[in-house]
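Each of the next two complexes has subunit A plus one other chain: subunit B in the first, subunit C in the second.
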Partner chain A sequence: MRQGYQSWVFPSRPVIAGTSAIGGPFEAQGPLADDFDILHGHLMIGQDSWEKAERVLLEEACDKAIEKAGLRKEQIHFMLAGDLMNQTISASFSARTLAIPFLGIFGACSTSMEGLALAAQLVDSGSADYVLAATSSHNAAAEKQYRYPTEYGSQKPPTAQWTVTGAGAAVVANKGTGLRIQAATIGRIVDMGMSDPFNMGGAMAPAALATIETHFRDLQLPHDHYDLIVTGDLGKVGHSILSELLPQHNVHVPLERYVDCGMLIYGDNPTVWSGGSGCGCSATVTYGHLMRRMKEGEWNRILVVATGALLSPISYQQKESIPCIAHAVAIEADK
Partner chain B sequence: MADEKKKNLTLSQQKYQELAKRHEPPRPLVRNFTRAFLVGGGICLVGQAIQEIFIRYFHFTEKTAGNPTVAVLIFISALLTGLGLYDRIAQWAGAGTSVPVTGFANSITSAALDHRSEGFVLGVGGNMFKLAGSVIVFGVASAFIVGLIKTLIKMGG
Partner chain C sequence: MRQGYQSWVFPSRPVIAGTSAIGGPFEAQGPLADDFDILHGHLMIGQDSWEKAERVLLEEACDKAIEKAGLRKEQIHFMLAGDLMNQTISASFSARTLAIPFLGIFGACSTSMEGLALAAQLVDSGSADYVLAATSSHNAAAEKQYRYPTEYGSQKPPTAQWTVTGAGAAVVANKGTGLRIQAATIGRIVDMGMSDPFNMGGAMAPAALATIETHFRDLQLPHDHYDLIVTGDLGKVGHSILSELLPQHNVHVPLERYVDCGMLIYGDNPTVWSGGSGCGCSATVTYGHLMRRMKEGEWNRILVVATGALLSPISYQQKESIPCIAHAVAIEADK
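Let's look at the complex of A and B:
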């Protein structure tokens, strides 16, 4: 049900019946390693290309989420998935394996919450009983497509981010117990004319601001409503920008309750520059780490704001600025 | 920021970009320059040593020792790229590893490696010069123009 300009509230409060987080070797060394369901020791994951490796990540994430929801894949009515590869091949090819009716989505790194919001909407409207929302990214596959060859020796600036090798999936259900999806805000494209692909956090921060601002306005919630607000992959640079922007725009979110998945996933590791990024970043951190801590009762209400930089290598070479988007989903403990 | 670029931005975009700029950690220029100088100079020193070896032990002249020396450096660079070490050294060394001939070799080898999964013809062959190609194109084109000018001056003189 729409509320305000661009938000949905879900009266039936769809249940997140099962989630999964799959990671690669670098994620396995990070501080959140224990929150992954499966960690792989090698980037290739026994495949003969990065692209196939990413597909395996996504398939494993889907299988694991369905298994943890106590379901079989035949019971899933729809699958919503997307990734960073051209023509979202990781998602489509995984859907071929899973043989679940499939809708491909693309929101760059915001795909995780785009999928979760749509899944909740499908379930809440009675269009489906069980919907799977999944996304993935692979460091080497993304580097190869968006930037330079993976082994090319180029020095990256301190604003650059490290693409997460990982996949996350969630099964949204119309019944059962678990965390519940309360509301979602669909973002608008925000483009502040930033064009440096090595500073995505700086480009995406205004999109996150716009969505958070709208979310509170649409739902008429006090700014301290959430125990935690988490952005997808703004990294250290974007996190510090948004921390300045929020009070400037009279969104008085307690800043100690604001964190970023891109900063959580690798901790203070300086080799990832500003932090993690990629579809897998917000997906694995939310579906693995954050969900565990919510289930343990640490937080009752969180707002996940997944941010996406909707550029392509061609648009960048043609000197276009980077259009950015952010989608927010409010997740609550079952009470 | 260039004024040309700024003209196309709205006031709020300009304001935001100024704000965002403040949050950018500065590039450690002195550190980068120092490392580039040391590593780039080091590579040249190694090259010089290799050249001396060719002259002293393999009876090359100073002129003919150039080609085998470059070949050895290219080989080492390609090997380090294949072993997955070159990009790590480069992140530390910056321009120190990208400006010498080793950087050129690395750009070709890394592209070839990345696109091996698309096959030898369309993958390796079609992509190995995707970064080095522009160096070759503009190198050849500028060499042609410089050669032409030199010839014209000679004819005049």
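Let's look at the complex of A and C:
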């Protein structure tokens, strides 16, 4: 493999055999509500803590994706999952329930495509027949852990984002019919020195740029190759920044074909400030909304670029800037 | 791949081209001191926080492993790393410094072998030529995050373990000479309902058993195949439990060939209670001590079974039991 190459092309084009999207009450009010498999009416989801509620979301997402793939959980060789909770407890406790051999991953909100890329790599290389990739986030659990107690009612600036309450999962398989994974690009950390956790879209936009540039360079693709390029959760602020950065760096993606999951999930709702975020954002929008539209024939080739802000409350309090990353997965119709 | 199979055999036997072990002041007083590449005299390692000190350990481990492999960091295709800190900031910030395409992983103290297994899989399948797998822990950073402020001087029971201040890294390559990776087994979560974070060795022993059983079954190996089986950080308590569980489950590993990294690293020092733990425990003992003895011809085949307790302070406070996991990697002399 050439030095500096950071992409995988999958000759067998692994099949996305089943996907799922689970959401909470706020997601149920958004424009993509019809694309969720299950929507919960209350943030607690019948549990006695937000952390346990998030775990239920993730377990439901896994169960539903396996069911939609027409499989039983015993047939899944490996589960790749991670989330925003300290020590990724949503993923670990879900893996306990599912009892599938488990590889824990962490890429903050890029976890969705880190998992899908690795799942495709494992299947394409013959290291597994069926791999489950899953991730979740929960608005109240994330606010509690990362920010201020919600009871403070603290104001947020317009660059802030709203953590999605939701979970998404995909089963990647070495046979069957469905959308297919053609390639993936693993990102490097990009850190432009931004340290404001209320402007993660701005911090993450350069990481998305770097991964998109690398993807086109590694695969030697024309910049208009994809019918749609979708970033994970840059929100309005990050989408606007990336839309400026791309042509500046001579990446001439047709900008009318560039969208962001963080903008799609809540539409124009001003109460989410710049848009949605969290591991559940790119996961639910990709596995619910985007895949439905691909299956309906609207797009043949899309590139999903999930972005992650790899900060912690401790790193922020210690005045560190925010290391950001983006992983891209190319998904095609089965033709 | 057969249903229920959870192992990878690597036909190309990827090479461990370079490894490193970095330690702190307490590790420098232990019986394995000579097997570390760098030992620091102070827990702060010239930084202004424990978290930053841990990051330095991990960065040094990565640099040293790459150097000992005779490579430059630009030649490494991917870095797999994780640690115990919330949002694995030691790994993410080290990946920022190294600027190598980064896949974040989390398996608590099993992270060392999760990373090494995935690195070998990527190299064996041709998805990379050189992969860096690394992990770290820091005693004071872990105490601060997981337990009580150390200023309380709280007493611990004899089943407790001492988090290693250290980092270990390995470069896995598709060519060259060195020890070789023959196979790996990815664990499932095992949770026997134990919830005492001061007895993690006891909680993790059944997970180690499950993975060892699976490894022998998947690979159809005789139980005396390995010259040494080494668990990650079960400590004296967990070692004793696993030594009883193995024959009870008809896994007739010669018990004189079974050791534990958490017992090796500090010898008989009673101040560490049951022994060492933390991501840095199995990483430094494997990449420093065990590899040196293998290179000296003492053992030809070893199985490293890194164990992880996937709890968080929140899961413990919410009265959850501890989900445990173990990943095993088979390492052989180059013959």
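Here, the second predicted complex is superposed on the first by the 331 of 335 C-alpha atoms of A that agree within 3 Å, B and C clash if a C-alpha of one lies under 4 Å from a C-alpha of the other, contacts with A are read in each partner's own complex, and residues count from 1 in each chain.
As a working rule, a contact is a pair of C-beta atoms (placed from the backbone, for glycine too) under 8 Å apart; a residue touches a chain by one contact, two chains touch by 3 or more.
Remember, predicted model here, so these are calculated numbers, not experimental data.
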Partner chain in contact with A:Tyr152 - subunit B first, subunit C second, else both or neither: first
First, second, both or neither for A:Leu311, with subunit B first and subunit C second: second
Partner chain in contact with A:Ser240 - subunit B first, subunit C second, else both or neither: first
Subunit B versus subunit C as contact partner of A:Ile189, first or second or both or neither: second
Touching partner for A:Ala205 - first (subunit B), second (subunit C), both, neither: first
Which superposed partner A:Ser92 touches (first subunit B, second subunit C, both, neither): second
Which of subunit B and subunit C A:Gly232 touches, first, second, both or neither: neither
Subunit B versus subunit C as contact partner of A:Gly82, first or second or both or neither: second
Contacts of A:Asp129 with subunit B and subunit C, given as first, second, both or neither: second
Subunit A residues contacted in one complex by subunit B, in the other by subunit C: 49, 51
Contact footprint of subunit B on subunit A as seen in their complex: 48-51, 144, 148-159, 192-194, 199, 202, 205-206, 236-237, 240-241, 244-245, 274
Complex interface listing, subunit C residues touching subunit A: 1, 3-6, 8, 49, 51-52, 74-75, 77-78, 82, 84-89, 92-93, 95-96, 99-108, 114, 118, 121-122, 125-129, 186-189, 191, 310-315, 318, 320, 323, 325
Residues of subunit B touching subunit A in the complex: 8-10, 12-14, 16-17, 19-20, 23-28, 32, 81-82, 84, 86-87, 89-91, 93-95, 97-98, 103, 106-107, 109-111, 113-115, 117, 131
